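First subunit A sits with subunit B, and in the next complex the same chain sits with subunit C.
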Partner chain A sequence: MIQNAPKVKAGKQTLAAVPPHFYWQRLGGRVLLTNDAGCSSWLDEKDFRLLLKGGLKEGHPAFAGLAEGGFIRTRLDFNALALKNKRKEAHLQIGPGLHIFVTTLRCNHKCLYCQSGAISQASKGADMSWPTARRSVDFAFESPNRGITIEFQGGEPLLNWGTLEKTVRYARKKGRETGRELGLAVVSNFSLMTEEKAAFLIANEVSVCASLDGPEDLHNNNRKYAEGSSYKQTVKWLKYFRKKSDNQEGEKRVFRPSALLTVTRYSLGRHKEIIDEYAALGMDFIFIRPLAPIGYAKNLWGKIGYSASEFVRFYRDSLDYIFELNSKGTAIKEKMAVMMLKKIVRQDDPMFVDLRCPCGAGIGQLAYDHNGDIYTCDEGRMLAWEGDELFKAGNVFKSKYSEVMLSPAVKACAAASNLEMQPVCFRCVYKPFCGVCPVYNYEAQGSLWGSMPSNERCATLKGIFETVFLALRDKKKGAVLRSWVEK
Partner chain B sequence: MGGKMKKEAGVFFDARVYSPEAVKLAAAVFSGRLDISLKRTARGITATFGGAAERAAELGGAFANEALNQQCRMDLERKNSRLARIVLTKALLSATQRHAG
Partner chain C sequence: MEKAAKILVDTRKYPTETVRYAGYSLSGEAYVFLSPAGKKKILVELAPKALARGGAGGLRDKFLSELEDENGREAVLKANLELREFMLLKALSYQEKAPELKDSGLSHEQEKELDALIAQVESELKKESKKAYSRDPLGITRTWEERHDSKRAKSKSR
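Coming up: the complex of A and B.
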C-alpha cells in the first residue's frame, strides 16, 4: 500500500511488479523510503517513479540495495525482514524494564523547567518510607522483564538517603536471589553528595546522572540553588565519578557518570558553549532534549519555551558542531541520534520508552510515587501532582501486578499511542522509528490521541529525524553517525 | 463539504463526511476551552460556540480540525484495526505475564 504516491500509469502492471508496503517522503531533493522492518533507502525522483511503475529491474544500480531492504516484491526475504522487525520491536515481548522511584518530592533546587512537582526541602510527608520502597522493589520484580532498572528520582533523591540506601541493598539482594539483571541509577543534582554516599553508590554499582545545562551562568540561571552554585556542585561530582570510572579499582564496575541537558530559550544560540562544556568534562554523550510544557515549565512557557522549529534549528546546529568536534578527535555522541540510529542503522531496539509503538507507558516503564501510587510514567505522575490522576495505574499495597498492567490508564495509553491507529503517523516515513506520548498530547492538546498536524512534539521529532537522515546521506557525517552505533 | 464557519461563530459538519461520534469526541476534547452546543439534523451537525466571539472564532477552526482528526482516526480504525489490535495485544499480554521467580 502506497499512500499519496505520485500518479503513474499502471499499464499492464502485474502484482509482482507492485512494490510492497513502504513509507516515503521527499527530502533534500531525493526520496526517502522506509519500511516496517526498519530498513531505509534513498532514490532520486526518476528512479522512485520507476520503482512505482515496477520498472526498476535487476541490473539497475539501486536494485540490490532495495531488494535487501525489502522494497522489491519479488525479492522479499520474509525471514530476514521479520527478524529485523522483531529485533527492532523487542519491547513488545518483554514488559516494563524501567522502574522510576520517586523517593521524595522534596528538593533543594527551584529549577525553571522542573516537571517533577518538587516541593521545598523542609516539607513533611513527602518522602517514600522504607516499607513503601521495599514493596515497590517487590512490585518491580514482578515484571516479566529479565532486566530491571530502578531509577531513583525526586525531588532530590539524596534528601531521603536512608530509604535510598536500604532500597539499594534490598534490590541488590533480590536481584542476586532471583538471578535477574538489575540496573540501579540515581538522578541527582549532587548538591548533597558526600564521599561516603559516593563510596556506597560505587560499592553497589549504582550509576549516577545529573542535569548539566551548559556553562555556569546558563546552568545556574536554569537551576536555582539558594545555597551556592549548582553548577560547581554538579561539575565537581561529575569529575569525581569520571575519575573513579577511569581508574576502575576493585571488583565492582564503576559506571561513567552521565548528564542530562534540558534546552530552554536561554540555551538557543549557545550550542557551542554547551557542547564544549560537556566535551571539557570528558562526557561520552550529550542528550539534547527538548523541554515539554508540563509542570512548572507549562506556566513559564512564554519565558523559557520555544517553537519546534527553533528547537530543531538548535539541534541541527548542535549536531553539526558535534561532527566538527568528532572530526578533530573529540569522541562525543548525541544520545537522541544514537537511539534513533540503533533503529535506523542496526534495526535494534534501544529500549527508549519515549520513542516506541505503543509508547512505554506502563508496558515499558512504571513510576512509583513517594506514597506507593503507581503511574504509567513519570510525566503521568507529574500531572497527578497537579490534581489530575488520569495516568494513575494502581498502588503498590492495593493493586496486583496484573491489575496495574490491565488498568484503564495503561490500556488507554497503549491504545492511544499505537501508530497503526494514528492518522498522519500511520503513513509517516519515520513511523518505523518513532512514537507518540499520550501525556504530552493530553497536556498540550486535550486528548490522549493528540492531533499530529499541530503537535509540537511531532514537529520536533520530524525535524530531528530529518536532520539525522540527511546527515546519514552525507559521506563524512554519515560515517561519524555509523561509528556511533558500531558494535 | 464540512467544517464551514458560519457568521455566528459556528461550524457545520456534513453527515456525508462526519459521524456524530467524531463531532462529539471533538466537543469532549474542547470541553474545557470552548462552550459548545451541538444540533443534529438529517444533513449533519451544527456546532455553535458560546462565550466571547473573538475566542470562539479563534478556537472554532481548531475545533473543526479536531473533528476531522477524530473522523480520520475512526476511518483508520476501520481500515487498520486488525494489525493495530495484534500490536496492542502482543504488548499488553507480554507485559502482563507475572515473573515466575
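Coming up: the complex of A and C.
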C-alpha cells in the first residue's frame, strides 16, 4: 500500500508504469534485479524489458514476486521496505563496535603474507604497555555502541601476556560497571599457548581464533615457524578449545574456536584438501579469504599472489565441494557466503566491517597500535608501520573520542567508501550488499577512491556475489545456502 | 596498441552522462576516448588494454550493451529521485512497532457468533436509549438552545 508517497515525475510513462529504483545485471542467461531494501528477483530478458517499459501487469506470473520485493510501484509497502533497509544497514547508527588492540608488534612466525608488520620476538619497544592498554579500553568504551568487541592481535599477542591478562580483567570490570555487552577475542598462532593461559581465557569468556591454511605442508609453507611445526601447534589447541566448548563444564561460556584461511597461490587447486582439514577438525565455518597486496604480501605478490579470476575459480570450486559435503551430512559453512546471505536472504546486518557502505573504517572499527596511536582499521595501521600515516585518526592519550570520529582520516574513508559516490558501484546490482576498502584502493591503485573497473578487490567480490546468487537460483544449492542463515 | 573500436553515438538517444558511464565501466580493459563529432554526436574510441577479451570487436559489443543498460538505469534513476530519497529517509528514521496481536484465539464460527452477539446487544441498547429519551417529561435532556431558542424550540416536536 502507498502511504505518504511523494509525487514522482514519470516523464513519458504514466506514474504507475515507471518501476521504482532498482539495480540489474545479466547473469547466467537471466537478469538479476536488486534494490536498496536488499530484495532480489530474477527475470528473463523478455520480462525484464517489459518491466522497464512498464508493461508487466498484474496477472503476469512474475508480478506477485516482484511486488513483494518492492519492484512494482503500485504495490510498494513502504513500512516493510524501510524496515528491511534499516535492518540491513543497522551499523549506520551505532558507532564503532570492533576495537583491535595491537598488544605487540613482535611475532615468532614469519608468514609470507603478513599484513600486521610483525617484527622479531627479541625486538624492544614494540609492546603495548599496561597504561596504554588501560587508556585504550577507556577509549573503546566511549563509543556509543551497546556491544563492544575487543580483539587482541599482533604480532603474536601471547608474547605480551602480562598486558593482555590485565586488559582482559579491566575490560570485564568496565563491561560490568557500564552494563555493556562485551566480547573479547584473541587472534593467535597458539605457539605460546599453555594450559594456564587457556584456563584464564576460558574463565574470562575470551574467544580464540587462529590461522589455519590447510594441510600441514601448505600451512607450514605459508606460516614459517623456526621453532617447530606451526600446523601442529594450531591444530593441537584448536582441538583443545573445541573439546572444552563441547563439554561446557564450568559456569562460563566456552566459545567454539574459529580459524582463518588465507588463500595464497600455493592453495590454488587444493581446495578439497583444505576443506577436508577444516571438516576433520569439526570446524563449523571456513572463511575463504583472498590475499590483499598489503604488507609483506605486496612485496611477494609475484610469488604468492593471483588474479581475481583465479581466486573466484578457487572460491567457486570450494563452495561446490562444501555443497557436496553438506549433502553427505557434514555441516560446514563458508563464512563469506554466510555474511552475504544474511543481507541477501534475511536483509540483516552481519556486522561485517569490510562489506558496508560506508566501510567500517573509524565508524565501525578502530585499531589501537602498541603506542596508543589510533587508526581507522588494522590495514590503515599497517600502512603507518610502512611510514604512511594517512589513516591515523588520533592517539588514546591526546585525542577525544569526538576528535577521532571527526578526524580527516575517518571522514575521508567514509566519503571515499560511500557507494552513492562511486561511479560504478552506484549502479552495480551488488551495491545493496557490498562495500569498498579505501586502504586497499590506496595501496593497489594510489587513491582512496580507486577505480572499480580495474580494481581486483571489486572483481573478486563481484565473482563471489555471482557465485552466491547463481547458487541461490539452483534448487539444491539454494536450499543449502538458505539453511545456513535460518534463524 | 591494437586497433581501436570507433563508435558514433547520437546524444539525442543516449545522453552524454550515459555515454560517459558506459565508457567508464569499460576503462578496466580499454583506453576510452570521448570526443565531440558534430552536432549531437560523440565519437567513442575504445583501444584494448592487454587484458581485454575479444579485442576491439568484443569491446564494441560490450560498449553497446552497456550503453543500452546505462540508458535504462539513467531513466529509472531520474524517474525515482524523489521517491528514492523518501524511501531512504524513511528507512533511516524508521522505528519498529511492537507486533500487533492478529490472532484472537477464536475460530471463524466463534468470531461470527461473537459479532452477531455484539450486533444484537448494540441494537438493544439503541432501542433502550430511544425509549429512555422519549420518556423525558421534565425535558432534562434538552439543551440550553432547545429550551431558550423559541424558534427552534417551537420547530422541535417531541
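Convention: the second predicted complex is superposed on the first by the 474 of 487 C-alpha atoms of A that agree within 3 Å, B and C clash if a C-alpha of one lies under 4 Å from a C-alpha of the other, contacts with A are read in each partner's own complex, and residues count from 1 in each chain.
Just so we're on the same page, contacts are C-beta pairs under 8 Å (C-beta built on N, C-alpha and C of every residue); 3 or more make two chains touch, one makes a residue touch a chain.
Remember, predicted model here, so these are calculated numbers, not experimental data.
By the document's definition of touching, neither partner reaches A:Gly269: not subunit B, not subunit C. In the superposition on chain A, contact is made by A:Pro20 with subunit C only, not with subunit B.
In the overlay built on the shared chain, the residue A:Gly250 is in contact with neither subunit B nor subunit C. In the superposition on chain A, A:Pro131 makes contact with neither subunit B nor subunit C. In the superposed model, A:Leu52 makes contact with subunit C only, not with subunit B. Once the two complexes are overlaid on the shared chain, A:Leu92 sits against subunit B and subunit C alike. Judged by the touch definition given at the top, the superposed model places A:Gly228 against neither subunit B nor subunit C. With both structures placed on the common chain, the touch criterion links A:Leu83 to subunit C but leaves subunit B unconnected.
In the three-chain superposition model, subunit A touches both subunit B and subunit C at residues 92-93, 423, 451, 453-454. In the complex of the two chains, the subunit C residues touching subunit A come out as 21, 24-29, 69-70, 72-73, 75-80, 82-88, 90-92, 94, 96. Across the interface of their complex, subunit B is touched by residues 91-96, 141-145, 178-180, 357-358, 362-364, 401-402, 405-406, 410-411, 414-415, 418, 420-423, 426, 445-447, 449, 451, 453-454 of subunit A.
Only residues 25, 28-30, 32-33, 62, 65-66, 69-70, 72-73, 76-77, 80-81, 83-84, 87-88, 90-92, 94-99, 101 of subunit B touch subunit A when the two sit together in their complex.
Of all residues in subunit A, only 4-11, 13, 18-24, 36-37, 52, 78-79, 81-83, 85-86, 89, 92-93, 423-424, 427, 451-455 touch subunit C in the complex they form.
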